[in-house]
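Right, one structure below, let's go through it.
Chains here go by letter, A, B and C, matching the order in which they are written, and residues are numbered from 1 within each.
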Amino acid sequence: MIGGTGISLGRIALRNVTRNKARFVMTLLAVAVSVLIYMTLDSAKRSWDGAKEVSRQDRLVTRHKITFVLSLPKRYVARLANAKRADGSPLVESVTYAVWFGGREPNHEHEFFQSLAVDADTYFDVYDEVTLSEQALSDFQSNLDAAIIGQGLARKLGLKVGDRVTLESPIYPSSSASGGEPWSFRVAGIYGSRSRAVDTQSFLFRYERLNEALAGTSRDQVGWLVSRTPPGADPQETARAVDALYADADVQTLTQDERAFVSGFLGMVSTVLDVVTLLSLAILVIVLLVLANAMGLSVRERAREYASLKALGFGARDVMRLILLEGVFLSLIGVAIGAALSMCVIDLGVGRFFEENLTQFFPVFEVRPETLAGCAVLSLLLGVLAAAAPAWSAARAGVGVALKRVA
Amino acid sequence: MLAIKYNLRSLFVRRLTAFATLGGVALVTFVLAGALMLAAGAERAMASGGREDVAVVLRSGSDSELASSIDVQALGTLRAAPGVAAPGGEPSVSPELVSVVALPKSDGSGLSNLTVRGVAERAFALRPNLSIVSGRLPAPGTNEAIVGRKIVGNFHGLEVASDGSGGEVLLGKNRPVRVVGVFQAPGDSAESELWVDLDAARSALGRSGLASSVRVGLASGADLAEFRDAVEGDKRLGLDVQSEADFLESQASGLASFIRVLGSLVSVMFALAAMLGAAITMHGAVASRAREIGTLRALGFSRGKILSGFLLESCALTLGGALLGVGLALPLGWVEISMMNQASWSEVVFGFEPSLRVLLSALGLGAAMGLAGGVAPAVRAAWLRPLEALRA
Amino acid sequence: MIQAELLTPKTSGAPVDSSSVEALVKIRGVTKEYVRGAEVVKVLSGIDLDIVGGAFEALMGPSGSGKSTLLNLVAGLDRPTHGSVEVAGTALEGLGDAALAKWRARELGIVFQTYNLLPVLSAVENVELPLLLTSLPRKERRLRAELALEVVGLSDRARHLPSELSGGQQQRVAIARAIVHDPRLIVADEPTGDLDRKSADEILALFQTLNEELGKTIVMVTHDPAAAECAGVVRRLDKGVLA
């Protein structure tokens, strides 16, 4: 007689939750879909913030003070490289520079990628996360028509080492001062990256190639300088020292470390982040409403049963606890399914897509432990909230009235 | 009709659960309506003011004024091109220099990009919808500037100077411009720009002898195509011609369709959850009303009548939610937001634009949720066997 | 009390000799079997029965005797396994589900033990329900519903919801609903089963009035000997066979 598993409030709650199969399945589905949306939005937001974290504070970007559209004189490069601190040590460790080329590949009109004219000798010293074979590097350094492209871009454009590729640029229509020549390059190497701070979607070619095609005021100009602060040096202080170098020149500069630069950019799109936050809240409210709806219906149907429990001597508190447990179970199961679904969808599909195609914004797009923890807490909260009103009314209902009421 | 009354009143009896579903649907339609209103607002703010009789000339291959640069030597050819209006003997050709300048925002949130447009006097004649709302027009050839009404006050110093204090914006070292007026230009993104004298802009930005774009007024009756053929036909110029209406449209469409696509995508996903909410409500309604359904069937009501009754009940629920959602979204019409436009790399300010299309889309989504969520429970109700239902 | 122009008597008064009048309900060789698991349960076997127009008949018998099943067959809510049911010249087995529903809406009034009023509709709206299936204009429908309520003596409760009425009053509303579209045949399944004696007697008196003054043919399943007394004919069923 005594053996077997005893019953408990928890067991009753679990059975009640699964009793109406159709409703159980629909509720789980609704919660799971909502959790998928919520986790995608939350992961996007965290990933965006993550762009800040992986960016390097020891890398400084120096631009035209007024506008990024305008360029800096090339002689600024040497001046920065030779600048000394008060103790005679160099102000920055290494300096390189780049020009925004704005190129497009005519056969892949809709693929957006960054194309830069860079200094072959110094660029990879500053961006030391880049992995590139010795052979490719020496090819790039010794041949003017050589280009180095990222793995991701190579895949998108279907290029391999040795291929020739032609770019078009609205900013630099022709590759020769006399006009008419197209921008044609030979792929000398394909680079990878050890860090999420450097994407593999860029097209890099020799600065000399661009400069020799230009005449007049646009010659010997660079878009921006990039330098590395020596170990132990304060990035902000160094940035101020860099700007001080050019304070009396015609063109002043604005120097920021990479992280501040990314933050500034994120600030410009902060409206989008606000909207994402609002949408996450909205979907939580929808989950709450769906759960409350399901709980309301099932408690209504079971008014008699709860009254019977009370008639047997269970207290109002027990009934309330039972219904709250039902709400929490329902919510937990739904959220767990949704979380598992999200991890499959985000970590295997959507996330990889964002990481590869929008590395600058979403360097790491994955479900973070914080997101999962947040979901667990939320599911408890939502379950209790959704069951609160039905639990309260069932606990207060008189036994006689509820027993008599025809369901 | 009585049958409708029956279904509607049944909803009311279950008002708590019905309200939960209604609320979910309202939230979904609120999101959809908000996104569509915002997209419409972006288009209206940035693109609706473009004119067909004004041509915008850019360097060929450039898709924005920012990426374009035109040598002033080309202006002579443009002046002499066929179809150009020449009121008072002077060809209606306005070279403009457009750049973005990083300036501190007045709310202390750091630097943001502001579009600066250097214009000659003729630019005003080409924009009849531009008018000063406070202050005055700048004196030509000075460092005076005017600011669009949407963005006034958003950046530090970006307001009309009062007695020598404020109103100064530094465009370069020792090159301040003084804001003397605020202008409006409905339907043109210029309302989010700072306008300065063309020569002042050139020297401040170090781009003498250059323009970003040239606006050309066409004589009445003149054909844009004729002007375009003449300009684009001259390969040495390397210029592209389009109507101002098309140009503004192309500048706005990226942002607008971004908002529209993203908003629709999110609301469709939301709608899935809300639709399941409606299905749960209707499923519960059918289950607990089995006897009533059995009675109706015994009285001689056909399956079709029961089916349509419950579908109607479901649609009434979601359409009510949709109306509520749209109702809640309408007050957004008073809200303006600031967003970065990828096409100009600078901030544009625009509002939510209510329209009949927004209303219809939201109601359409509501009805779709009701039908999709209600169909399974309604079929279940209609196919209940009367005798078994009566015993329930 | 009774408005004769709307609820026309078909035939008048008292039980009629079954041989002289054409039968309204003809049941021939009806057998009804249910399959429960591996077992076949025979509920009715070889029932032959004629019910003439204007009769008031009671079907009695112990639980499980098949009386409700027989009533459901007459009402077209169920189909016999073998045999035929014909009501007013219409063979019910020849009708599909949809046609059967239409037939019920036109020819039949039903009264249930538990009233089965729609809880969200008022008394008069519940009565009006069957008229939705006719082409009567709105005003006419309301008029007839009010008239039917008057017949059952509940005009003063027309706007009340079922939950605001006593059991006896609810059953009277259900009877009004059964006669509002003026069917010749009314079937009632334990109409007094849920009522106290006084209310039950009122309901039975109402059935008698409907039968005698309006000439309704009434077939009633009941356990209640008092109810059976009101009926002109009492038939007894036992184990699926008519006694």
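As a convention for this text, a contact is a pair of C-beta atoms (placed from the backbone, for glycine too) under 8 Å apart; a residue touches a chain by one contact, two chains touch by 3 or more.
The model shown is predicted, which means the values in this text are computed figures rather than measured ones.
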Chain nearest the global centroid, as defined over all protein CA atoms shown: B
Chain whose mean Cα position lies farthest from subunit B: C
Mean-CA-position distance for subunit C and subunit A (Å): 71
Chain centre separation (subunit A, subunit B; CA means) in Å: 25
Separation of mean Cα positions, subunit C and subunit B [Å, integer]: 65
Multi-chain contact sites of subunit A, meaning residues that touch two or more partners: none
Touching two or more other chains - residues of subunit B: none
Complex contact set, residues of subunit B against subunit C: 1-3, 5-6, 9-10, 12-13, 291-292, 294-303, 386-387, 390
Sites on subunit A touched by subunit B in the complex: 20, 22-23, 26-27, 29-31, 33-34, 37, 65-70, 102, 168-171, 173, 217, 250-252, 254, 263-264, 267-272, 279, 282-283, 285-287, 289-290, 292-294, 296-297, 300-301, 389, 407
Residues of subunit B defined as touching subunit A within the complex: 14, 16-17, 20-21, 23-24, 27-28, 30-31, 59-63, 66-68, 99-102, 109-113, 171-173, 204-207, 238, 266, 269-270, 272-274, 276-277, 279-281, 283-284, 287-288, 337-340, 345, 347
Of subunit C, residues touching subunit B in the complex: 72, 75, 77-78, 97-98, 101-106, 108, 110, 112, 114, 116-121, 125, 128-130, 132-133, 177
